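Naming follows writing order (A, B, C and D), and every chain is counted from residue 1.
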Amino acid sequence: MMTLKFVLAITTVIGCVSALQATANVARTLRANGVNPKKIPIYRGAETPLIGNDHDHEGEKWFFGADGISGRPNDFPPVEAEDFLAHVEGKHAANALVDIFKEHPNEITLVCLGPLTNIAMALKLCPMFSQWPKQVVCMGGNVYGAGNVKSYSTAEFNFSNDPEAAHIVIKELQCPVTIIPWECFLFPASESKIDFHAHLNLDTPLSKYFNTVTFSGRKKLEESGIQYAYCDEIAMATAIDPENIILEEKKLRGSVELHGSLTRGQLALDWTEVLWNEEKMTLGKFCNKRRPIRFVVKYNIPFLDEMIHKTVKKCL
Amino acid sequence: MMTLKFVLAITTVIGCVSALQATANVARTLRANGVNPKKIPIYRGAETPLIGNDHDHEGEKWFFGADGISGRPNDFPPVEAEDFLAHVEGKHAANALVDIFKEHPNEITLVCLGPLTNIAMALKLCPMFSQWPKQVVCMGGNVYGAGNVKSYSTAEFNFSNDPEAAHIVIKELQCPVTIIPWECFLFPASESKIDFHAHLNLDTPLSKYFNTVTFSGRKKLEESGIQYAYCDEIAMATAIDPENIILEEKKLRGSVELHGSLTRGQLALDWTEVLWNEEKMTLGKFCNKRRPIRFVVKYNIPFLDEMIHKTVKKCL
Amino acid sequence: MMTLKFVLAITTVIGCVSALQATANVARTLRANGVNPKKIPIYRGAETPLIGNDHDHEGEKWFFGADGISGRPNDFPPVEAEDFLAHVEGKHAANALVDIFKEHPNEITLVCLGPLTNIAMALKLCPMFSQWPKQVVCMGGNVYGAGNVKSYSTAEFNFSNDPEAAHIVIKELQCPVTIIPWECFLFPASESKIDFHAHLNLDTPLSKYFNTVTFSGRKKLEESGIQYAYCDEIAMATAIDPENIILEEKKLRGSVELHGSLTRGQLALDWTEVLWNEEKMTLGKFCNKRRPIRFVVKYNIPFLDEMIHKTVKKCL
Amino acid sequence: MMTLKFVLAITTVIGCVSALQATANVARTLRANGVNPKKIPIYRGAETPLIGNDHDHEGEKWFFGADGISGRPNDFPPVEAEDFLAHVEGKHAANALVDIFKEHPNEITLVCLGPLTNIAMALKLCPMFSQWPKQVVCMGGNVYGAGNVKSYSTAEFNFSNDPEAAHIVIKELQCPVTIIPWECFLFPASESKIDFHAHLNLDTPLSKYFNTVTFSGRKKLEESGIQYAYCDEIAMATAIDPENIILEEKKLRGSVELHGSLTRGQLALDWTEVLWNEEKMTLGKFCNKRRPIRFVVKYNIPFLDEMIHKTVKKCL
């Protein structure tokens, strides 16, 4: 059963590239899908994190290319100057989120694929926003303390880019929250004998575009002998079809660490609750007041791959 | 093959009970083994952590009993007043460690079952100490960011009690280090259909004593529907017979977080090295200068259980 | 020379009371001045800090009264229900700040008397905001590491309430910034033989109102044998007439500490620059890239007192 | 009245130079005084801080010279090879401190002129040590949050080098503690029209030696237009003759911040107690459990200068 019928709006934020570049990337992606970028409103959001980190963005370009999608502007569909102006002028993504969700309380799924700056600002501009999403599905954070940004950090990239925003979102959202942690990529389910490249070689525009935008990352992974695999795609698929995508989940309470020198941006989870049952909660050192988050720890790789294939073939 | 032939000395430290109480517990344990406590030198060590935490020791007594071993002083062998004086007078455990290892460089295995305060002090009193142990096997810390002390902490108990000591030990030791992380207990290998209680019902003095000293903890675990299992025992068995005990290990570099508000005392590991191969090390954000630590992530439960049985029956 | 001709708008924020209560207090204050609250737009702002602290607001009420202005609703002018609705509906203070300053770049002085949440959000919603104020005068923070919130904190109240907002504001503002640190109150200039009570006994409406709203705080200060003195008033007077108000100032670079357990929210200033001259800047450990902030360390108490008297007598 | 009759022992520690180099410097200084270095036991102490900081020791050499005393080995008295072996072999300074003070409880003044690593270790090796000094006089830390190590730190050099040691010492000492904070140098009493160079030009061996060892630092201060002044000398003089040296003192409770990114190593003091009187202590946010420390905030420069002159002329 598909729960996501259409895309109401897209917001952009600084991550491995600027919100401006991300806006252009979204416009180009829509065009690759045969969609007029004016049909789906794009709201440009934060160009800096709330506080941020001394993040080595050069290091990201090494992996993702200068524009975050392999740096191949002449590939299909070629970059157009208007891509950079495709956003709705004069309205910050955070204000747009407030207005859109206010109009459709409990109806819209919010899928987060980048740093959470815009969502945090929406929560701060309007505390009621915390109750308005039907659900939030977020690619970001971790469940086993594994980081992917640098040797001396246990933070995942999206959370590392704006730890304060991640902290606010995890703490304040009052709707169901599902997280696709970084470890879904790092510790993939062992049965994953999937040819992750097959969908890139189909003779469709979208296949070609996927081939282009993942080119740089795939090459880097290959050089290190790592199989290319899905990541943000898991989050989108989980939003669309959780029953088929999620093979194993964990419900855990947690908060984002803001003050560590090695752990700033890490999700600090409460595993004591897994160990002890309700009775323990009478001890002051245990607490079950925070809302539990659903973590996807094992997902159905073949099912996701098939969804991707259908999408690429436009028959989803 | 047994690598540990005999116990040269035992040091005590504040943990769930004071170093004074721990000293008495060691003396009583030696007596339960039929060993005269004067035969194996006991060195009393730190009565406070270097810095420490606002640790809720009442909460520990809830689990371990007032004396840390179930609070049953009249059970076999009954507590004796001399137990509290069984240590070598006038020599701090840290000074004893320096002197003992100085005399036997590369010969002795150091097994750590409590907070690392004494070891850290030995390293500070004598930097050469870092190279003297043949190996260090340590029960403590974590590999997947799971804590066991309280809801708002990702630190394991021993590391949480003295994060600075754990930091110093992990950073400064120059010999092989093996860690039995808390997750060995939390995420036991699935095939563990062991009757962990069998060895407690053998008709031997040591069986009786084990029954006594684990009484309180087992009861608490049962109340929460958790199977009683081994913990410190894994470390000792790993020191004695690593080939048979370790089913799966991971080599990871890491440091102890000192500054987090939720993660203080957690081991912050470098998983980027698992992902990327050597080539990545040219990027400044990656670093492989720290010595890798061996983490036991899966151990041979039946083999350990058999070791325990043999020990209890005195036929090891 | 007066540089501040009229008040364009007032924004409210959670501090010792909620933004809602602060809004009502502003409306009542305008009425006490004989001003229709509809004449000066009031924008209600943040009801929570970005991240915040576990702040003991009960402790504040002990000093300021339940409504933050002595809790005497029937005194002149009595509280009216409409006071709580006096704000401009549907526009968050942060959005209002962006719109107002965008329209009048380099023309408006921004005076900050509470936590800096709204200003930080304005900077995040619109990075250009950093260049639009003519100047910012801020009561908050410290220059000598003295806190006023609790024994185990070196943060001043306004900065302590939203350290992240203070950090953002101090870091990102590109216009001249003047800070009236907490130490202006704690270490007053020695010649301060002023009767701070005189203006409270003048027979004018405003005198009566001042008497009311400072009642609770003055009583608490008296009980501790501390002379009542000015605080927020210094900031407002500095904005109006800096030449006459400022007796001594220091120019220092600094940042707000976010991660200390005792110093979270403190201004961490660079005194090395006071010591060493330009030449030192070639050493990596010294840095003069941050914009210097002007700190008022000694102000003209009699002049301020006269300004207050004139204000109270409506002849400023 | 002189309270310090003779020097019982000297301990060395890593600071701007290694403990080894410091040991040699002490031996040379004793020789410059006409004292046989074997007459006063020197105990070599910690060669690394407990945890430490990424401290730029190159930057210190810029100021103090390669050996910490201007790097002029051929000046009077020339460095001798035995200087580096002048310490008592086989006894760490921390153990020596424990043994010496244990033998003379409440009789000895401990003067600290460097990082506090050895003292902290003595406290950890023997908690009773906290009660044994008659008093501790310490050059280090700050009273107004001013740092002297680098732009992005509010820590004073000695505390910055080993924040954990400073934390332990400040927290655990139970005897009277007097601190000469860095601000005694930074904010000298205004009447200081002293010729700080006069004592360097007297025709005595000690005058010559002082000239040598302060050469590098004086030159750097001159280049920056800063008057050369006393620092460690204030601590020693305060230990000898507090009544004449201390012009103004403050009693404040405090702790050393360990976790800040800008304030790590700063003394975080409780100024709320200065403001509020005893009655406040009923509120949970206020606390007067920590022992107050005496801070010298203004000292008698001419009196100290005269003491130095007498010392240099050997007529003290």
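Worth pointing out:
The rule is simple: contacts are C-beta pairs under 8 Å (C-beta built on N, C-alpha and C of every residue); 3 or more make two chains touch, one makes a residue touch a chain.
Note that the structure is a prediction, hence the values are computed from the model and not measured.
The pairing of chain C with chain D is characterised as same-residue: of all residue numbers used at this interface, over half are used by both copies.
Per-chain Cα centroids separate chain B from chain D by 39 Å.
Between chain A and chain D, the centres computed from C-alpha atoms are 53 Å apart. In chain A, the residues touching two or more other chains are 258-259, 261. Contacts between chains close into a ring here, every chain touching precisely two others.
Applying the touch definition to every pair of chains gives A-B, A-C, B-D, C-D.
Within the complex formed with chain C, the chain D residues making contact are 56, 59, 62, 142, 144-154, 186, 223-226, 253, 255, 257-264, 266, 268-277, 279-280, 283-288.
On the chain C side of its complex with chain A, the touching residues are 46-48, 50-51, 92, 94-95, 117, 121, 124-127, 164, 167-168, 258-259.
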